[in-house]
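What follows is a set of structures for review.
Each of the next two complexes has chain A plus one other chain: chain B in the first, chain C in the second.
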Partner chain A sequence: MKPAPFAYERPRDLDAALSMLAASNGSAKIIAGGQSLGPMLNLRLVQPELIIDISGLTELKRADVSGGELVLGALVTHADIEDGRTADVTRGAMRAVAANIAYRAVRNRGTIGGSLSHADPAADWISALAALGARMTLRSCAGARTMTIEAFVVGALESALQAGEIVESIHVPTRSASAHWGYAKSCRKTGEFAHAIGAVLIDPAAATARVVIGAIDTAPIVLTDAAGLFGGRIAADYKERFDAGIADAVLAKAGIDDVVQRHIHVGVLKRAVQEAAA
Partner chain B sequence: MKEGADVRSEREFPSGQSGQGVGARLPRKEDDRLMRGRGQYVADIRLAGLQDVAFVRSPQAHARICGIHVPERHRGSVFTAADLVGIKPIRAVSGLPGFKISEQPVLATGKVRQVGELVAMCVAPTRAEAEDIAASVTLDLEELPAITDMLKAREPASALVHEHWGDNVFLETNYEVDISAALDAPIKVTREISTARQCMSPLEGRGVVATFDRRLDQLTLHSAAQMPHITRSGLAECLGMEEGQIRVISPDVGGGFGHKGILLPEEVCLSWLTMQRGHPVRWIEDRREHLVASSNCREHHYRITLYADRDGTLRGIDCEATVDSGAYSSYPFSACLEAAQVASILPGPYKMPAYRCRTFSVATNKCPILPYRGVARTGVCFALELMLDLVAAEAGLEPGEVRLRNLVLPEQMPFDNITKKHFDSGDYPEAMRRALAAVDIDAIRAKQGRGEADGRRIGVGVSIYCEQAAHGTSVYSGWGIPMVPGHEQASARLTPDGGLELRVGVHSHGQGMETTLAQVAHEMLGIDVAKIRIILGDTAMTPYSTGTWGSRSMVMAGGAVATACRELGERARRIGAKLLQHDPASVVLQNGEVRGVNGSVSLKTIAHTWYRRPQDLPADVDPGGLEVTQGYKPVRDSGTFSYAAHAAVVAVDPDLGEVEILDYVIVEDGGVLVNPLVVDGQIYGGLAQGIGTALYEEMPFDASGQPLATTLADYLLPGATEVPAARLDHMETPSPYTQFGVKGIGEGGAIAPPAAIANAVNDALRPLGVELMQSPITPHRVVAAVLAARATERSAA
Partner chain C sequence: MTTIALNVNKQAVELSAEPRTCLADFVRDKLDLTGTHLGCEHGVCGACTVLLDGVPVRSCITYAVACEGADITTIEGLDEDEVTTELRAAFTREHALQCGYCTPGMLVSARDLVLRLPDADERRIRVGLSGNLCRCTGYVGIVRAVQSVIEARRARSIAPLTNGGRTGLGPAGSGRAAADRSEPQPARQSPVPARESIAPGSIADFTPATVLDQGFTLAHPPAKVFAMFDDVAGIAACLPGVSLTSPPRPERVEGLIRVRLGPIAASFEGAARVERDPATLSGRIVGIGTDQRSHSATQGEIRYCLLPLEGGAATAVELSIGYTLTGTLAQVGRPGLVRDLARRLVADFAANLDRHMSGVPSGPKTSAELSVWSIVSDVLRARIARVLGRRSGAG
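For the complex of A and B:
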């Protein structure tokens, strides 16, 4: 369990990092906290020629509120969010998610941008941030582009990142005062990856609901208009109107054949709905 | 505890008043080193010129080797079976009739029979470079059908792991006592029960540093090993060397559990390599090697029937047990110890008039199965205790009541059970009664009646077992395996400054023996435990011993230390009498002094005089000196029987399949406890492993024999948050056969939890028609069973 040989660079600024990335022609890997890439290197599951360590890029450590949204640099750690060192526009939703990612040792080093880039279906941010309606900015030497989380995550360990691109920032919209947030996951043990995640952002006043079913074998199922799960409309009684049968059908349609897995996913989603609160 | 107090007051030993002797709750001496990260493990050893080894391992479970291709640039750094001229395969033969022999080549020849089997050895200045070389070696393998299902492997049409056998059965055994007498019993319950294949997971994996000393003409093998003397014998056989040419040193060891009792092909390979290359070589097992290729255990299957009367009285057990033994017979315990033991220990501490058990040790294309803490007992306890709950349900009785009706009674001790196991002492029903009272079974039943607001279901489960420990010559000679324990020896040497050095052939890898053996010596001699050093883990410095396994060390090495110290004390007493100018008959050894009517002389002065001022000794002093080696065996060597009743209270979420342990009680009887604090630690650690068996640990394989849990992300172990703050209660019934009345307790904690937890889960879910008969109890298995029960109910309605 030792990595194959690789070259290592630690650029001082984002432009330098992007230049190295462009020059590598796809043979480089970016490392930030290294909580997933480290083991993958040691297991020789990835054998890049070059590792670009971006942990020195101060541009990517910002956390500001501007224009009604929170902008988090890709290097913000889970622990930064858990401990409240970053501003919060989600009324505690992100802090609670961060506090339950893996173990504290992982949260100390693991970054939000790294977690999204890795696109592990069982990780928390790709589901939680999709439910919160977040977007991300990707940057390369050619420029920047912005997309939703659900557009970014293409499949299991597959993202929309193209060669030469890195995740620069995450934009989290302010959660409205009337929006209910619920997040539940089931893990075999404390700190392990979840085998089922349910995330809901339901605003009875606005009659809107975003629902995410995560930790499936592929990209999370993101329902930006989830009224169908609640009898066709979102209102104050949404908890009673949650329709487990429809949720099961959504999972079946997404290709989850195992009835037991579907049952657990529906159960976890139901728990997120039941626990949702303003 | 009353019995314990009686025993102590009757002791002949003079030094128990200081708070350091037998029974003292002394913090562990070794923790000062171990808890500060100052231990020295194999991976910490640095030798000049050391190079690292990585292995090319088989990527397939069963294949014919058609070629091994080493790139030109790495010739000379890569070695295959063809290079290992004169090295013999590992052979662990059992003398039981019908046992079929497997030979495990240390590097594969002809075929590979498991994923991870060693094919080639690569050496380089660092492990990373050695892995680069290993990655450059390509294998030309012709895939053969993988044998992964032990029940199918028993069928005549199965492909064969070892072709010349003609079948895949290492050994079949049959044991019967009049099963026909049970057949008319009004209650008859039959089930299939299974326990998953697991990987025992000490914090430290295996590791080897080998070097050769030309001056001494001696190979030194540093190895994370629990049984260094047995390792030496095995190495000598494989390498064709004299035992005196080999020294095995096992430094600090981070947990053994059975895994580190096994002679490894890696140990043989590195021994050969260092002698070839003339420089030290090292291999440190990584966690992937550990999971994939090395430490498998526990995979049992039972077809079992219990017969009982309407009042829950057991009439008999009929069982067919199969154990997946993997590809090879491991040295020294062999491939059949696990399954063959099942037949002898399945009846546990219960009375019954009829019994039949047939066992199969089956070869498959998986790692050899190794004896893991509890060995066969964990599976046996799981099978029997789950079945007893079904008898209780049939009889309409509380599960605890069925146990009380069938357990051996204290007035029957000593007791020979139906398989002729000789129970030395104990009050099993009392342990069960205390456990039931501690969890407040009546309150739980009332709570179950009310239901839970969160939709979870509460359940309570019990289990009880007996742990035969320190069983010796009379038991192991019957198995005919390469290792039969005899008398255990210890050396005791008084140092010139009045300290004590003890040399023992057992090893300590978490058991706290540097403390407990010092307590034994203190009990005998009154020397402060701070001045007692325990020397272990080195064949050059310790008496021969089969080592630490089978919960034997406290009984055997403790007994040997006491015996050696008794003789040492006697010699010191005679010298002391000379110095006091007393008749030896008129002086006693007490609290570290030889006392007579007119004065006393300390052991320190006696030692100083003996070694440094012999001119002060009279001419007729006994020349024997202050260093003795003595041997010990209990009065009977059929083993001590410790036992415990476990009770678990769980909450189960039927929709998510999550199980939470709400309460856990252990009432255990380990005879006289040398150090209750250390015993508590042993029990907590075993409980954690038992919880792993119950709820988390599983090594699944696909149809081609690929192990699927190759990292700790997939092989789940319980962590601190998964282990509850268990409540312990001790009984202390002395063994009539051992020094101080001690019993072995090293394994018990890991035996009973899977049964207690499974019974609790089944108790919680029984009203839903759910029954789980397989470990581990995963969320997926729970929900699958709940959904199946609902479907059955719907179709019935």
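For the complex of A and C:
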């Protein structure tokens, strides 16, 4: 349970980190809090020649509200969000998600950017932030680009990150005063990776709904216009109008053949809807 | 190998280690701080939980090199911590451990809950401890212990930690490396400052973890014995394993005590102060010492009181020996063995004292280390005596 030997660099700034990453030709791995990479290194599932530790880079520790959105540096930890050390534009939604990620000792080091980069389908942020309509900025020596969370997550542990690119920041839009939020997950043991995730952002006043069905062993199902799950329109009575049969069909179409699995996912999604309506 | 400089239990440490060395292996293998336990080694079981810049982290998936400049507190560093002290008492009371493997990590996590969540109910405590696995207790005693400490502190209106105990953003322990480390510094292999010099007057009173009462009699009048007790050098010569390193003064006696218990040997170097009260023919010696080899430290106190026997012709010396041991040697959780060791040391001391006062030169064994063989033969002799006694009782 010890990692294979690796070289270690602690770049002094983001540019230095990007240069090291570019020069490594794919033999290097970025580490921040190491709460996903650490176990994989220890299990020798990953054996990089070089570890580039970005955990000290102050450029990636920002949390500012500007232009109606919260910009979080990639190094902001789950505990930073849980404790409210970062501004909250989601009216408690992100704090509640953060507070239920793994365990406190993990949240004290695990970062939002690291969790997204790892792109584990069972992790919380890829589902929660997709439902909240967040975007992220990726940076390499060549420059920066911005994309939605749903575009970023390509598959299980597969992201849109290209060689030489790292997650720089996450942009979370302000949750409107009329938008309801619901988030539910099923874990066989508290704190472990979820077996099903449901995340909903429903605004009856604006008649809009974003729904995410996550932890399905691949990129989450993100329904940016989810009216179809609620009888075709979003109104104040959306809880009663939630159609489990449609949700089941969506899952079946996404390739989930196991009826029991679909049942769990639908049940968890229903809980998220109920929480939003509560 | 990389040179890693960080602070462990408030001591600056600079050691070389491979980048792949996790923080748990670093403190265990290089600093002998083996209270940090490794269970799963991939972040699930929580046995390795330590404090990094004041907050709990997994030391099995945190690499030591990533903690450059940071403050690490292991379970050994929480000996004097107020909350941990309360938790230890509660864990004992509620039978919150059996084998103890999970306990160091459990205490670190429980301490964090106590500090952050003053309103936690049983459910929140269970969720809060879900990252620390225990395979002995079924958690009932652990949850009760933590709950009782939270409730006791709530009753005392102690406010929770603000901001979760953190000020900046980012991973705990990150960003503490010196901004520009010009070139790699030469590796130094001295984990503990070469010699913790004990400042004069710093021999503080303490509450001993263990107190042993012993006594012996001397065929000399109390006044003579009390005068003898004022001769620090003479007394030191009678104490098995003790040697002085500088001329003694009552307020400061510097010396060395060699102790051996079976294969365990320690040499505590330190200082003591001596107090006496002629009115009551009593006194005490308070001392502190460290054993460099095992990174162990001890505080000790000997209280004595002299009572006249046989109309003042002889003296009963009543001793109360108190001590607290920390570090590797504190893991010898066998107070019975230590009590037995103390009993034999005191018997030797009494015999030496008697010879010294009677003007008989000390025998060769007097200031020798106690060997395992003498313990074995003593035990055998005691057993034979018991068997013979039983026989004679039966017959």
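The rule we apply is simple: the second predicted complex is superposed on the first by the 276 of 278 C-alpha atoms of A that agree within 3 Å, B and C clash if a C-alpha of one lies under 4 Å from a C-alpha of the other, contacts with A are read in each partner's own complex, and residues count from 1 in each chain.
By our rule, contacts are C-beta pairs under 8 Å (C-beta built on N, C-alpha and C of every residue); 3 or more make two chains touch, one makes a residue touch a chain.
For clarity, every value in this text was computed on a predicted model and none was experimentally measured.
Asks: Look at A:Ala4 in the shared chain and tell me whether it touches chain B only, chain C only, both, or neither; answer first, second, both or neither.
Replies: Both partners.
Asks: When the two structures are overlaid on chain A, which partner does A:Thr77 contact: first (chain B), second (chain C), both, or neither?
Replies: second
Asks: Let me test your reading of the model: by the given contact rule, A:His195 touches which partner, first (chain B), second (chain C), both or neither?
Replies: After superposition on chain A, A:His195 lies in contact with chain B alone.
Asks: Is A:Pro39 touching anything from chain B or chain C once the two structures are fitted on A? First, second, both or neither.
Replies: After superposition on chain A, A:Pro39 lies in contact with both partners, chain B and chain C.
Asks: Who does A:Ser186 touch here: chain B (first), chain C (second), both, or neither?
Replies: first
Asks: Go through the superposed model and pick first if A:Ser117 touches only chain B, second if only chain C, both, or neither.
Replies: Neither chain B nor chain C is touched by A:Ser117.
Asks: If you count the residues of chain A that each partner touches, which comes out higher, chain B or chain C?
Replies: Counted on chain A, the partner with more touching residues turns out to be C.
Asks: Return first, second, both or neither, reflecting whether A:Gly267 touches chain B, chain C, both chains, or no partner chain.
Replies: first
Asks: Show me the chain A residues, by the header's touch rule, that chain B contacts in one structure and chain C contacts in the other.
Replies: In chain A, residues 1-5, 39, 43, 189-192 are touched by chain B and also by chain C.
Asks: Applying the document's contact rule, which stretches of chain B touch chain A when the two form their complex?
Replies: Result: residues 126-128, 131-132, 135, 286-288, 653, 655-658, 696, 711, 713, 716, 718-719, 721-722, 778-780, 783-784, 787 of chain B touch chain A.
Asks: So in the complex, the part of chain A that touches chain B is made up of which residues?
Replies: Answer in residue numbers: 1-5, 39, 43-44, 186, 188-193, 195-196, 259-261, 263-264, 267-268, 270-271.
Asks: Could you please specify the touching residues of chain A with respect to chain C in the complex?
Replies: 1-8, 10, 12, 31-35, 38-39, 41-43, 51, 53, 55-58, 60-63, 73, 75-77, 79-80, 82-83, 85-86, 102-106, 108-111, 189-192
Asks: Along chain C, where are the residues that touch chain A in the complex?
Replies: So the residues of chain C touching chain A come out as 2, 18-20, 22, 25, 38, 40-44, 46, 49, 52, 55-58, 60-63, 65-66, 68, 109, 112, 126-128, 130-132, 163-164, 166, 168-177, 179-180.
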